Amino acid sequence: MLEIIDVTHTYGAYQALGGVKLTLAEGELVCVVGPSGCGKSTLLRCVAGLVQPTGGRILLDGVPVSQTPDNLAVVFQDYSRSLFPWMSAAANVALPLRRKGMDRASRRTAAMEALEQVGLAGAAGKYPWEMSGGMQQRVSIARALAYRPSLLLMDEPFGSVDAQTREDLEDLVLRVCAHHGMTIMLVTHDIDESVYLGDRVVVLSRSPGTVAGDLQVSLPSPRDQIATREHETFVRLRAEVGRLIRGNQLSPQET
Amino acid sequence: MRTRSTRVLRGAVGVAGLLVAAELALRAGHVTLLPLVSTVLLRAAELTVDGEFLSAAASTLASWAAGLALTVAVGIPIGLLLGAMPKVEAVVRPLIEFLRPIPSVALIPLAILVFTEQLHLRAAIVIYAACWPVLINTIYGLKDVDPVAKETLRSFGFGPLAVLVRVSLPSAAPFIATGIRLAASVAIVLAVSVELVAGGTDGVGVYIIKAGGGGRTDLMIAATVLTGLFGLLVNVAFVAVERKVFRWRHAR
Amino acid sequence: SGSDTGSTSTNANGPEKTTLKVGILPIPDAAPIQIAIDKGFFKEEGLSIDLSIEEGAAKALPKVAGGTLDVTLANYVSAFSIQQAGLGKFKIIADSFQAAPDTFVIMVAKDSPIKTPADLAGKKIAVNTLNNIGTLAVTQTLKVSGVTVNPSQFVPMPLPDMAAALKNGTVDAAWMAEPFISINQKQGAQKLVDSMAGPTADFPVAGWGVSEDFYNKNPKTVAAFQRAVAKAQQLASTDRKVVEAALPKYSKIDAATAAVITLGKYPTTLNEGRLQRVADLMTELGYLKGHFDVKPLIAAPSTAG
Amino acid sequence: MYELWFSGPVTHVFLTDDALDTFPPSLGRLLVGWVAASLAGIVLGLAIGRSRVLSDFLDPVIDFGRAVPPPMLVPIFFALFRIGTPTQIATIVFGVIWPVLINAVDGAATVDRQHLETAKVFGLSRPQVIGRIIVPSAMPKIVAGLRLSLSLALIMMVISELVGSTSGIGYRLMTAQQNFLITDVWGCIVLLGVLGYLLNSSFLLVENRILGWHSRARQNA
Amino acid sequence: MLEIIDVTHTYGAYQALGGVKLTLAEGELVCVVGPSGCGKSTLLRCVAGLVQPTGGRILLDGVPVSQTPDNLAVVFQDYSRSLFPWMSAAANVALPLRRKGMDRASRRTAAMEALEQVGLAGAAGKYPWEMSGGMQQRVSIARALAYRPSLLLMDEPFGSVDAQTREDLEDLVLRVCAHHGMTIMLVTHDIDESVYLGDRVVVLSRSPGTVAGDLQVSLPSPRDQIATREHETFVRLRAEVGRLIRGNQLSPQET
């Protein structure tokens, strides 16, 4: 569904991406991990059509991405700046739904439902600046989920929530993904999380980022917070990813 | 990216388009009482090498520069003070709002009685009119500072003054600069207007009075056009400086 | 006040103040001062003159009172009004300009239905200033034609704008002075009636004013100024060419226009009786409250030469 | 001044006939001119602030127009429209549009990039981006411009009434000046101050409604 | 050193803190964990004197905190907004050092040193908006560390960096803390991290936040990323904290 072919990006003279090659199949959830500043956000922004790659091509369903593709949602890393301070949480979530031609009432219902899913049923009327960091982040997740995109890009979406909420949100994303057949590209710093969530884990190398490893996660679905994490494959993959990030070296399997 | 030359070119096209449209409208005879655009431009060109006009322009320039400099020197500190202390602002707001809508034109006859020096009179009127954009934009600019940024410095133990100077001022600076840019044009307008109303030994406004006395509408409009042109140049200069200094703002 | 700034002569017989700031208007009324400068009359008296272009007597006289200007050209109607309003005490030290036939005219558009002054009843008339010489002359002129003008008929606007106002019908008539009469005539506007005829014939228009304070402190300067101006008045009243040559130097009346405009008179003496006539008409039409004696304002040259 | 305006009968809320004749037409023109200038300024400002091409073409024209003294344009408007209400409104519009326009350009040009990207990603339509992202973002600045221009409108109202008018506060001010009625001149000035204060106070009420989120978001601690 | 006595805070009508009681000894590193929106950031802001508690008292060295205390540094949760976009990374770090009366050269040296410690030696000249999220976060950590405060408040300071960098930063904080005898109050969502770093872990209850548990971490110093995390006490405490957050119930030990 999504083909990223030798994509490079340079900011002025600084090369952030050094030729990334990556393919996502329809309905796949791919986790992207890599050291800080290696170009993960840049890659996501390229896919979202927010910046033009300086080299390479990105194809979505075979068509080159030149503008922002249709039916896309993004959870930005800088979530607090991506919420609109003049709108309540519910309004922030409901806004993109206008694009779907939904009427006022159903927009409202969908927004409330999404907020409830992220545990913010009571905060629908709050403004972003009346919310804690974790709450803001959850609003921006709710906004993306309520939109039901076919391609969902998430940049460190659970960085500001507590462990319990994080697990709940992880499972929520897995559920929604499976149920609506979304394709998801999720950037995370948590190795456990990447293995737990992903159908595949892609490791980017130090800047300029290239694909240093691409691991298939063959864990049984549906995943379970306790059982999956105790699974032998999980433990092995986790170590593998860790080694890839640390050493930037390829695992024996792939050489 | 677009280059400076395309920008200049497009700007020139914009101005030329306006002028051509005006010329055509005038030639079509809808407004026979105004001199043709081409006539005015010719006169304007002549004025740029006319010694009398140039000395008039120099005089206007002096009161403009003096007025604007004082406006900035007075307006920004007061704006900072009021913006940083909402309680003080609430107290003096009625006074400001009372003074703001009083036309400087109405004050000129009274100012004539107070100022005997021509430059003082002109600068005073310029300041009176031009300080409001600086003041209001400074106050609004300060209200728009990100509280997290302010808290950051406060948490390091900086006092209110340091927070004002190191966070609020730089972060409001672009908006204050816009206020100054507005004020610069207001100051031009007023520098000429005060001459128009109060007369004097020289100045563009005085030149326009003379032209009016002789029924030379073409010269009046030509002088006005040159005034506008000066405003344009001033603005270009301001924008160029703003672009350089506030690069962080557009890149963000 | 600041009237004694500027260079002061050490010569006991010379003027107390040698550099004078003089307010003028860029209209024919002020021609003699330019003549006096050009011919060196001021220099002969030890005076040097800084000309300041004024927007009107109403702004110039307060400047004289405040000391920004030493002397100004002022129309008498303004001068008397200001004096009575208590905004300053003035002395008229020389006469400058007096109406002649066709120097102040009520004009109408080319194809105007208005053919006689009587047609102006209830019509809108443009004047450059309200409650001044224009309204005074128009009111008096129409009175002769049996029309009583309501002050609300007067529409104030700058002289250069009157052509447009006549053309697009914003006003029905306009009271104009030279050079606008000539300019508008060239564009097709018509003279309806001379506003300075009959009761207003030879109407005194403008003279030179100083503040009483200045007058008291600088008698020799005033006398020197009077002598210089008198010589110029003399020239102006006898030789039109001199005036034509002077006009383009302080105003934007070009030589071609200067050659064709109708000029008023440049009186050589300051006559109390003539000025009292202005005051009396002002009183009659309600511009002044009660009788106004011009005598205290008059400061004619001590020796008539 | 008191006698001039406020010694009228109780039935007219103490305003004299004179005042009743003078205020409504003046204020009517002021409001029409201000609203027209504000709308034009906001629309044009947002367009220029968001479109480089448009800003390239129009910036010089605008900067030129800004520096032209409005009193000098009265004769031109006057030749174009006819003296009276149209010319006066044109003068007011021309005089007060600049602060709104410039601040709107500034506000629209500096919308937080992240906001725009969010809107883009969710595929908001052009009108939605303008109406729901750009306008609210630029609103604090636009409002500062509106506030500046409101008092300016009062000033331009006076200036527009100085030429060719036979009624209005500006006309009263001018006749008072030309008749050397200094108390009346002061009366007019005080009246303008009071009117300006009242207009501004009403404006602040509206501003509090529009920008409530902003001041509360910016207060925080 | 720091005494928080029955502190409550209400935003308008909403009660965020419901009477927090907590004491920090000199040189202690206390980690605060708790569900999203429970008032952790609010508590930190109260201690920093940025908001006034609506009830209770905060004493620093016995003196009530009314203004921002001297010699304090804060790493804000919303790090990207707390950096000044008109200054380079180095300038951002150097700015607070003016308070210390340091001259230009030594401010610069200190800033460069701190940036190097957080792995940003090469990015000193970059502006915040030219940096990735993780880099921005590290700048704000460097700023706080360079300041050498006696009390350091950190709100989710490592949320946006990769696992490897995170460990490095954790150890950096431990080192600096030990070396300069700082008192640190650190909010985190990572339970492992709280146990690894803290001398004590304080668990806040769901909003309005109160102290639901206060655990002494008796792990040997210096901590070590591998050895400590394998330590039996670590495993026990981690489970304990997890249980406290999840259930909000007190552990058997403390009842």
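Letters A, B, C, D and E mark the chains as written, and numbering starts fresh at 1 in each.
As a convention for this text, a contact is a pair of C-beta atoms (placed from the backbone, for glycine too) under 8 Å apart; a residue touches a chain by one contact, two chains touch by 3 or more.
The chain list, named the UniProt way, goes like this: A, E = ABC transporter ATP-binding protein; B, D = ABC transporter permease.
If you're wondering where the values come from, they're calculated on a predicted model, not measured in any experiment.
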item: Chain pair with more C-beta contacts, B-E versus B-D; value: B-D
item: Chain located farthest away, centre of chain E as origin (C-alpha); value: C
item: Centre-to-centre distance between chain E and chain A (centres being mean Cα positions), rounded to whole Å; value: 27
item: Where chain A and chain B are represented by their mean Cα positions, the distance between them in whole Å; value: 49
item: Chain C-chain D separation of Cα centroids, rounded to whole Å; value: 39
item: Residues within chain B bordering two or more other chains; value: 33, 109, 146, 148, 151, 196, 217, 220, 249, 252
item: Chain C: positions in contact with at least two other chains; value: 58, 158, 160, 164
item: Residues of chain D touching at least two other chains; value: 75, 79, 112, 162, 177, 214, 220-221
item: Residue ranges of chain E in contact with chain B within the complex; value: 45, 48-50, 68-74, 76, 78, 81-86, 95-96, 99, 127, 129-130, 147, 153
item: Residues on chain D engaged by chain C in the complex (per definition of touch); value: 74-75, 78-79, 82-84, 162-166, 174-175, 177-182
item: Residue ranges of chain B touching chain D (in the complex, touch as defined); value: 2, 6-7, 10-15, 17-18, 31, 33-34, 94, 97-107, 109-110, 132-133, 136-137, 140, 143-148, 151, 174-175, 178, 181-182, 185, 188-190, 192-193, 196, 208, 217, 220-221, 224-225, 227-232, 234-236, 239, 249-250, 252
item: Chain B-facing residues of chain C, complex; value: 1-2, 21, 23, 25-27, 50-55, 58-60, 62-63, 65-68, 158-160, 163-164, 167, 179-180, 183, 250-254, 257
item: Chain A - residues contacting chain E, complex; value: 11, 14, 33-37, 39-41, 77-78, 80-81, 119, 123, 130-135, 138, 155-156, 159-166, 189-191, 242, 245-246
